[in-house]
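There are two complexes below, and they share chain A, which is joined by chain B in the first and by chain C in the second.
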Partner chain A sequence: MVEGLKLGEPLMVIEDLKIDFLTEEGTVKALDSINLTVRKGEIHGLIGETGCGKSVTSLTTLGLLDDNARIQGGHIYYREKDLLKMKEKKLRRHIRGNEISMIFQNPVSSLNPVYTAGEQVRESVVLYQDKNKKRARQIVLDELDRVKLPDPEDVYEKYPHELSGGMKQRVMIAMMLACNSNLLIADEPTTALDVSIQAQFIKVLKVLQEKNDLTILYITHDMAVVSEICDRVTVMYAGQIVETADVHDLFKDPKHPYTRGLIHSVPGVKTAIEDFETIPGTVPRLINPPSGCRFHPRCEYAKKKCSKVKPTLEGVPGKNDKHVVSCHFWEEVE
Partner chain B sequence: MEEDQSYFGTEDIDIEQEIQDLKKKKTSQMELVWLRFKRNKLALIGTAILFLLIFVAIFAPILAPYDPLETNVARRREDPSRDHWLGTDQLGRDLLSRLMYGARIALFIGLIIVGVSGGIGVTLGLLAGTIGGWVDEVIMRVVDAFMSFPVLIFGIAFAVSFGGGLYPVIMAVGLITWTQFARVTRGDVLAIKQEQYIEGARAIGESRFSIITRYFLPNVLPSIIVVATIQMPSAILYSAALNFLGVGVEPPTPSWGEMVNAGSRFMQFRPNMVTVTGLAIVVTVLAFNFMGDGLRDALDPVRRGGR
Partner chain C sequence: MNIVETRNLKKFFESKKGTVKAVNDVSINVIKGETLGVVGESGCGKTTLGRTILKLIEPSSGKIIFEGKDITNLNEKQIRPLRKKMNIVFQDPVASLNPQMTVYDHLSRPLEIHNMISSEEEKIKRIIDILNTMGLKAEHMIRYPHELSGGQKQRVCIARALCLEPEFLLLDEPTSALDVSVQSKILKLLERAKSKFKVSYMFISHNINLVRSISDRIAVMYLGRLVEVGDTKKVFRDPKHPYTKALFASVPQPDPDKKVKIALEGDVPSPVDPPIGCAFAPRCKDKVGKICDDKMPELEERYDRRVACHLYD
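Coming up: the complex of A and B.
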């Protein structure tokens, strides 16, 4: 629980974050002035296509970027402290696990093959809850039970290779939940799961958020999951924030042409192939991103200005700055 | 469950007990490795020979028919006979007894050399792999430099400048054969670095030290064990070679290298001494290599699941 922070107050604020990656082919401008506010107690969805910078954003908050990443500017304020200015040691002691923990997308490789599932969850329990071995074991069993793993006693003794993908994913989640942190970053946590297990997992997250005042930054490209569990949603495109809004506003009344395209291109179970729309073109390579608005080459509303001037986030009137969109001509979009 | 029980007859089968038994039976990591290891017959033979060798080495004082240092000038350079199963050497000492005591020295030397080189190699490999950057660069260039060094020349120079004897030889061979450990460890670390559980460990706030000792080390251990079993025979060979050249264990202590050396001087008319000792070295080296091969296959995660 965060002292002195009420529900709905900003917990983490990302301001003008710019990150480049130095590669052999050139500089990849992975993040271009990202602005994002995660509020206490909400599930904040971060959606966008593969390679648009979702995961980079989350790794940056924990200081887990690769060596070839260069932070070119901006701030990440977590409870008013700038994480980017923090020393590695302080990050490790006070932020990772303690305040912010993270669920990774690939459950198959996210567990250490040489320890049993229980031992790995116990690692976070010992670090953040209780050093006593016997009590730690009991806490681990409770955590395993909390993520709906059948027969926790049995799972405790099992090595990762003896568990199925879905079970591993849940062990991983238990491991992160056992950290008792305030902010949970879930980076495409359900991509490797069956839909039925996905549904269970989403329920578990929702319950945790409501019971423990947990704040979740949920990174995904799955629009259906977003509409199901998120309170607020941020849409990213090619390293830029395109639109942020409450989930209902976003799905009912998307302002940005990209968001509209994204929502319309979700195939429903009953949609015929001819009926769903696609966004023409492909995601640009970020080594040489389009000038101005990065979406303009694919945008049907694009005008001359779009290729020259980079749009900034503007508030939609009447929404109290809760709905912001980054487009020069959003008012003209139908 | 109810119907099943009545079908089989309730008295004989306790379902609860069966379930408990089944749970206990689940195969552990070690058992799986053993199952795969068992399929390789050569590896099994090698292991058996090694156990025999270790047994002989430990119980040499009981098993050896003679004192290995006891000379008998009247019965020099004899062919195998009822009294001396393998014959005698140039001073009339029993060859079989000397061979048995020699096994002690050989195994001891091999073990210590692998310990020294493994300690150095694994530590440097872990550092190079986990820290990366210029540290990696420097360590790997040092590895290259050491690999280009002829082991025997370095061994002789080092051992002689430190006064000869057993320990300088051990140090010399250990100090120059660590490169394989470093390379394998670093390679494995680089691969494991990409795994998400390392990122996960960092995400829950594990310290760098505990990531190295609890995440990297246990995961490279299988490879290290394999390298160790393959380095063992070459360590024994190197020390025997140095011995043959006159550095290392001082006579009259029985060592295989020195025995081959002595035997080679009269191998035209009494080939038994050099043959028997040479054979002992060859068999030991092969046994280690077979076992190492088997272990590598059994522990190799790439081959897991497949046959």
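Coming up: the complex of A and C.
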């Protein structure tokens, strides 16, 4: 448990993080000075379209970037320690698992097919909780029960191929819970699941958040899921943060033109197709990203300044810096 | 008038574990000019149903009727002339395009095969016209798939399917691989193409909010069977089948004030050994009694739609 940290206090703070990837075609400027604060006890949504940098952000926090990645600047403070300055050995011993754990989109490729579900969860228990075999087994069974897997004894003995997708994903959470981490990073955890299983999964996360004060960074491209589960939301576009707000403020009163466009193109906000909004153009390639605000070529409010000066995150008055937006002309957006 | 109709269509697959009843006794029609949405969770048989209708896979039994003509037993050669009247767009545009062929190649090949054009000029004119309809330009003709974005690739796939001016187009999860801002553009283009070419759509998707927006009627599938079919607005306003109710309640809405309900516990049973009675009975909260476990409910006319549930016997 995080001692001395109250609910709502910053648990992880990302400051001016800049990351490039060296590729054969050139340097991909994947993250362009992003700022993000995840607070204790919240479910923080990180949303954006393909290639916006949301997964790169999460992988960086755990030091899991590929060899061709170059961190060009910035800090990731986890409880005031800079993760970017930490040695690999220290990261492994003190951060991964103990403090921050992660679940990925595809539970099939995240589980080892030759070990049973129970054995895989037990590995986390032995590493992070209790080395005694008998007690470890009991802890595993409790964890499997906690994620609402029916008949934990039975699931313990099952191999991944004998479990359904939803069950596999729950085994993944059990594994993460067994580490007793404080921060869970979930990268598109329900994208491969059916809606009914997704609903069950979301419920499990919500309960864990309330009972265990678990903090979750929830990465997804699905606006409906974000509105369902998140307390606060950060919207990314082409490697830049465009807006952060409480989930209600974001959906009811989005300030950035991109956020607005995104929300109004989601089926369900408007029912008739003719009312759907579209964002002209396509997401730019980050080898040669647009100058200034990276959204400006697609933005109907763009002016000369937008292509010249990169906007910084500024607070919306009356929101105590809880609603920040990165746009020169956000006050003109209707 | 029906453009496509199936009668008691079945498609069973043999597997090591037993017979998989992927499509089980499905009778459905697509009315000329409409969009029929087909929804259901993974493994419910919606994709198999679509492909069997187009005879991309052979049905096990039952009938497929296209424009009033029984096409169930037509062989590959006999069906070929019909191929230009019914077409398909797949989920993954990357896998659907040949990386060595330009957009022009992709669009000209079907026109040549079906002798739709008399001269090169006419061909180019037609290709440009269909590209424009899909929001692409003439200059895209010389591009290869890797030079296009995901949304553009899918627009080429739709253009290829529409260039033969089909009567019926099967759209199997056409926007699932795309980002939302691109998705809404594709949906608008599909609507535009529908009125321009007077084509009927069957739109298969697991995205229920999306099907709600695009379809005139909706068919809900569960474990190889239809459980409810009706007017989209009516079915959404007041779903009758317990599965439809539960499914709709599980769909997250992009509104923080609306929360999903967990209406479905457990998983979908295996299609290898489906329950004898109603397939949904083991998970159903509105079970009437023993009859649900013993007898398969028929899809019958109830109220303003068709429902397969003993609740309304």
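Heads up, the rule we're going with is that the second predicted complex is superposed on the first by the 332 of 334 C-alpha atoms of A that agree within 3 Å, B and C clash if a C-alpha of one lies under 4 Å from a C-alpha of the other, contacts with A are read in each partner's own complex, and residues count from 1 in each chain.
FYI, a residue touches a chain if its C-beta (ideal position, glycine included) is under 8 Å from a C-beta of that chain, and two chains touch if they have at least 3 such contacts.
This is a predicted model, so every value here is computed, not measured.
A.B. asks: State whether chain B and chain C clash or fit side by side on chain A once the two structures are superposed.
C.D. replies: fit
A.B. asks: Can A:126 be said to touch chain B (first), chain C (second), both, or neither?
C.D. replies: Neither partner.
A.B. asks: Does chain B (first) or chain C (second) touch A:262, or do both, or does neither?
C.D. replies: A:262 sits against chain C, while chain B stays out of touch.
A.B. asks: With the two complexes superposed on chain A, say which partner A:251 touches: chain B (first), chain C (second), both, or neither.
C.D. replies: It touches chain C, and chain B stays clear.
A.B. asks: Of the partners chain B and chain C, which touch A:86 in the superposed model: first, second, both, neither?
C.D. replies: neither
A.B. asks: Please state, to the nearest 10 degrees, the angle that the Cα centres of chain B and chain C subtend at the Cα centre of chain A after superposition.
C.D. replies: After fitting both complexes on chain A, the angle is 80 degrees.
A.B. asks: Which holds for A:195: it touches chain B only (first), chain C only (second), both, or neither?
C.D. replies: Only chain C; A:195 stays clear of chain B.
A.B. asks: With both complexes superposed on chain A, which partner does A:111 reach: first (chain B), second (chain C), both or neither?
C.D. replies: Only chain B is touched by A:111; chain C is not.
A.B. asks: Looking at A:71 after the superposition, I want to know if it touches chain B, chain C, both of them or none. Which is it: first, second, both, neither?
C.D. replies: Neither chain B nor chain C is touched by A:71.
A.B. asks: In this superposition, which partner touches a larger number of chain A residues, chain B or chain C?
C.D. replies: C
A.B. asks: Quick check on the superposed pair: does A:279 touch chain B, chain C, both, or neither? Answer first, second, both or neither.
C.D. replies: Touch partner of A:279: chain C, not chain B.
A.B. asks: Rounded to whole Å, what minimum CA distance do you find between chain B and chain C in the overlaid structures?
C.D. replies: Comparing every C-alpha of chain B with every C-alpha of chain C, the smallest gap is 8 Å.
A.B. asks: Of all residues in chain B, which touch chain A in the complex?
C.D. replies: 23, 26, 29, 132-133, 195-197, 199-207, 215, 218-219, 221, 301
A.B. asks: Help me check something: in the complex, which residues belonging to chain A touch chain B?
C.D. replies: Contact set of chain A toward chain B: 62, 64, 67, 92-93, 95-98, 101-102, 104, 106, 109-115, 123-124, 127, 154, 158-159, 162, 172, 175-176, 179.
A.B. asks: For chain A, which residues are in contact with chain C within the complex?
C.D. replies: So the residues of chain A in touch with chain C come to 49-50, 150, 164, 166-167, 194-200, 202-203, 221-228, 247-248, 251-252, 261-263, 265-274, 276-279, 282-283.
A.B. asks: Across the complex, what residues on chain C touch chain A?
C.D. replies: Residues of chain C touching chain A: 41-42, 149-152, 179-185, 187-188, 191, 206-210, 212-214, 246-247, 250-268.
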